[in-house]
Amino acid sequence: MTDPGRVAVVGVTGYAGFELARLLLRHPDIEKTTFFLRESHGNVRCLAELFPQLRGWGDAPCRPLSVESIRTSGANVVFLSTPHEASLELVPELLAADTGLRIVDLSGAFRFQRRETFAEWYKLPPPDAKALAERVYGLPELYGDALPKARIVSNPGCYATSVILGLLPLVHAGWINSTRGIVCDCKSGVTGAGKEPKRETQFAEVGENFRAYNVFTHRHTPEVSDHLGLRASDFVFTTHLLPVRRGILSTLYVWLESSRNAAEIEALYRKCYAGRSLVRILPAGTLPELQYVTNTNFCDIGFALDSAGERLVVVSCLDNLGKGAAGQAVQNFNGMCGYPETAGLL
Amino acid sequence: MTDPGRVAVVGVTGYAGFELARLLLRHPDIEKTTFFLRESHGNVRCLAELFPQLRGWGDAPCRPLSVESIRTSGANVVFLSTPHEASLELVPELLAADTGLRIVDLSGAFRFQRRETFAEWYKLPPPDAKALAERVYGLPELYGDALPKARIVSNPGCYATSVILGLLPLVHAGWINSTRGIVCDCKSGVTGAGKEPKRETQFAEVGENFRAYNVFTHRHTPEVSDHLGLRASDFVFTTHLLPVRRGILSTLYVWLESSRNAAEIEALYRKCYAGRSLVRILPAGTLPELQYVTNTNFCDIGFALDSAGERLVVVSCLDNLGKGAAGQAVQNFNGMCGYPETAGLL
Amino acid sequence: MTDPGRVAVVGVTGYAGFELARLLLRHPDIEKTTFFLRESHGNVRCLAELFPQLRGWGDAPCRPLSVESIRTSGANVVFLSTPHEASLELVPELLAADTGLRIVDLSGAFRFQRRETFAEWYKLPPPDAKALAERVYGLPELYGDALPKARIVSNPGCYATSVILGLLPLVHAGWINSTRGIVCDCKSGVTGAGKEPKRETQFAEVGENFRAYNVFTHRHTPEVSDHLGLRASDFVFTTHLLPVRRGILSTLYVWLESSRNAAEIEALYRKCYAGRSLVRILPAGTLPELQYVTNTNFCDIGFALDSAGERLVVVSCLDNLGKGAAGQAVQNFNGMCGYPETAGLL
Amino acid sequence: MTDPGRVAVVGVTGYAGFELARLLLRHPDIEKTTFFLRESHGNVRCLAELFPQLRGWGDAPCRPLSVESIRTSGANVVFLSTPHEASLELVPELLAADTGLRIVDLSGAFRFQRRETFAEWYKLPPPDAKALAERVYGLPELYGDALPKARIVSNPGCYATSVILGLLPLVHAGWINSTRGIVCDCKSGVTGAGKEPKRETQFAEVGENFRAYNVFTHRHTPEVSDHLGLRASDFVFTTHLLPVRRGILSTLYVWLESSRNAAEIEALYRKCYAGRSLVRILPAGTLPELQYVTNTNFCDIGFALDSAGERLVVVSCLDNLGKGAAGQAVQNFNGMCGYPETAGLL
């Protein structure tokens, strides 16, 4: 049996990939990390060619990708930081090779309970049914118990993580007045849009600008409804582009079924996340800020309640590359391998 | 009778004050603008000392403030770009002097229909009852007909302008499903917070950061409910601080009473703002961006509708110093004096 | 004879092109502006498709480019806001058509006194010799006298404008100690890099970043030495990318031949630019800032002198799209047509 | 004898203080860190009150400052992250208490070889002569050999560190043509200006802006000349404010005494910093960027040479809070205690 601390990473060229590399290279329980790049980066020999900040302390060799080379690398967990299309193919191939290798997939390919949901929202072929059937949705605060035995973990979307964690206690407690409607107004930094040059992510188009995008069509919408059990017609989920590099802040609006006070709300959230050290509940009256979660793996949650105790605004805040992507992947890895939840993340 | 094109400005030291000065100095129908500063800026002799960008083309002398000196300046309209406390005192004094002088007040002192609303939300004495009784709320698209005869115009809040203009057509048409609840999620640039140095508006606290503030306590809340006739318990209004200098973008969420299509929504908005050249309705499917309204006096409004025609997201966007403050003050001035609505504003 | 206030613009799709359109559309002495686009934008029918901020006030039709259509548009001045390659071809074609049409070329194609300089620094064919022989280098403060009769004006580079204007008085007076060496350390906002999406101008690569680029290879280097008469080995010119949208600030370092005091330096600069209202000399002890020149056509110049009166730091500051490109083009146009120098520019 | 891994920190309220706290709290060789605050923060009980990002993982109690309480805290090294005035007093008091306590002072009070230099440039009383006589200037790459026995280490200025490290190899080798003059054009992020709210560091004054400041009067000037042995009249050192939170980039200009090629320059730098893992020499032709050093303790150095091998531009880049302040303080601490140079810094 291979050693738990030997991992492979496929596709490390984007912003989340780099964050993942950085976290794995300093993870105390990992002995060896091997990086694999797809053809389009065939001539890259080492990480520091892609990320000059790694020069002199965190460089590592990169190899061309093949299922065989992953298998022979000695890894027992492989992270796929790959496009949806690539993950759709790689996951069943890796499972079929039947090597005992376990997978954390950072793409969107295996996030939905129904194959059709993916196909409809991503305009791509549906994911492999067998792989989907056994995958765990990698939100440790919700499905952490399933991680130790998971063969394949689908890492959640960044927006979806912030919204699900922000609403979960209320949904589980049944405190939301469902006749009113729920609004999730989310704002993200630019690294969420990927590293490929695009007109709309140029500095001159983002700096001193702000805009909503993909309203009613954002792919994280069905992730939220799947895992919170919300009807599409009862909630609205929107996304906006902030002129910052990193971070997501989601402002979540609900009306309560019956009047509550701030202490009750705070107690509900604290109870729901008791023992979960990567979700921080702020004291009533304090709202989170992006700057306190960027470059961390925390999801900070705060709230404001009106004087009647009926209208509740919850603010949920995380780093889209940390708890929203690479950090959460490592948190899932920790859960899969039995390491402390925060290993390599503080 | 004094000439319509002679104006006075009190308190030109903040960001909105500068914007106002800039607009008035190049207004085609104004012959003379006199600037008055309060005691705290007693030794400032000319505008370019406060605003170096005016050197060499838009400089103007500044005088110490007194009601008498305003009266003798020959102005027939005075703009008060003063703190609430100062406007509370100046407005009745100027009216009492009975000089025929007309007033555009940019403070919050006279924005509410009931004196108690101001006192409660601003923790200040209530405004003069007589002055309040005759003031016009200076949202030209809503109360433009009252401007030609107005002696005193209260210039709206920046957030309130964006929200009221964004929801007005729906409210007037009765299309909103009031059992659902309305959410107004607003985001503003930093100049909205004024020019006084504060910890929370330092670059190192705003850059790469984002946060909500004053949730359920923001002073523009009752402006919105006053003028849209909404019940406090039916809507939520929140404000956030963007890492940009200028601009407000408000994302407005409603559920419709009955199913509508995008063409109907667009037609409703176009009809409501027909002939109003400073509100631009975007074609269905196009959402406004901050960058296209900054440094202008436009309010851009766009929307997205779900496929069922029930959930509607309206995005309303303006420059907080333009249509949200100084530009709107000039638009009101144009209405008061019978100039074209866009004079000096394009 | 065509009316002086009828102009054509070729290639309005970039940031400088938009700025030019904006300035021309509100120029008081221009009756008609016709826009021509090259093939690659063949299906754009009006300016507001490219620049949504023009909706409702400054829209204008766009036509496919041909020499014939420019000729028949009635224009008597044509602005070329085109790539170097396009200007290399268009300028001789337009001159050959012998229509009396006069040209302001914003590209680099005709900026150098020797054809070989262009070919060497731009890696392109040399410009047409006949056109080059009669072109005026469009820095009005230096060659303004030649504008009224110019058939073709080559609009200077943005960096070159800031450096030449900053050093000109010292060079003309012979005050620089040439044994010491001159350093020009220049910093520019991102719009200077053009509108095409590139990795290095993405928000995530520019925000919270700063870097030097093209050291010893920047194409504006020979413009500076050409027009100031400096030997290449005696000065260094470097460029850096600032995380701002607009503006150039150049810090210029010289040692003086003999000791001077601040009043002498200020007097020298004021005398050199006497009557030149678009260069603002700041009082000794005051340095310019980017924020006071962005969105203007000013070049602000200030300086600091050491106590010995020998080491002099000059700071020269302008908007790369204003005085550094489109605004200067309009200033040249004003000089060509006999309009006031600042017409349409304040 | 107390354990080497027990430290005290005085004055942790600023940006550098926070960075220091963060580094010490995760330093592998430190068992205990005690924080002391001066009177003005008397009611702060724990770090997370000052820095919400520490909630839940890095909080620590804060105590009121007194020499006695530092003495009894068990610390054997104390870091002073205090204003110059406070360090002027505390350093001699702590030495007089004769407790064996060793000091790393982050203020400017003990940076200069001559007491008068400090008094003249800081307009404050000169530092204690006895303390100054035995202090080590804490630039480990230059004076690292003196650290193991140092009782008091004066941590260098952020700008000075970048300039000295950038020029040191050339100065030591005698390669600079001193008849030409040396120019140091430095640019820093806003956290270098401290945490106290000021007009000139407000977001609205820094965003989309850039400016030079304190030309010929910046207090780091004599640090550079002291430690490089430059004559004031032979070099110019200027500072500029960048619209970023963190980081310094210094562009350094020299003319070489005789012609060199790029390989010789690179070899000189590599030799000078051989074995120094926190200075990274970039390959010839590659220039450093701010983004690759922020949040690290590296100083990255790259260069460009003209084709004649005479004009040399060196770019030196670091994080003003890391290698420019708190990180360097920890590096000095490592040297004093015999820990690996990079302990707690990667």
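Each chain gets a letter, A, B, C and D, in the order it is written, and its residues are counted from 1.
FYI, a contact is a pair of C-beta atoms (placed from the backbone, for glycine too) under 8 Å apart; a residue touches a chain by one contact, two chains touch by 3 or more.
Everything numeric here is computed off the predicted structure, so don't read it as measured data.
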- Task: With over half of the numbers shared counting as same, classify the chain C/chain D interface as same or different.
- Result: same
- Query: Among the chains, which one keeps its Cα centre farthest from the Cα centre of chain B?
  - Reply: D
- When the centre of a chain is set as the mean of its C-alpha atoms, what distance in Å lies between chain C and chain D? 40
- Query: How big is the gap, in whole Å, between where the Cα atoms of chain A centre and where those of chain D centre?
  - Reply: 37
- Item | Interface hub residues of chain C, defined as touching at least two other chains | 205, 207-208, 243-245, 289, 291
- Listed in rising order, chain C residues that touch chain B in their complex are 26, 52-53, 55-58, 207-208, 277, 280, 282, 286, 289, 291-293, 295-296, 298, 342, 346
- Please give the residue numbers of chain D that touch chain C in the complex, ascending. 179-181, 183, 185, 187, 205, 207-213, 215-216, 233, 236, 238, 240, 242-247, 249, 251, 253, 255, 287-291, 294, 304-308, 310-311, 313, 315
- In the complex, go through chain B and note every residue touching chain D. 15, 190-191, 195, 197-199, 201-208, 243-245
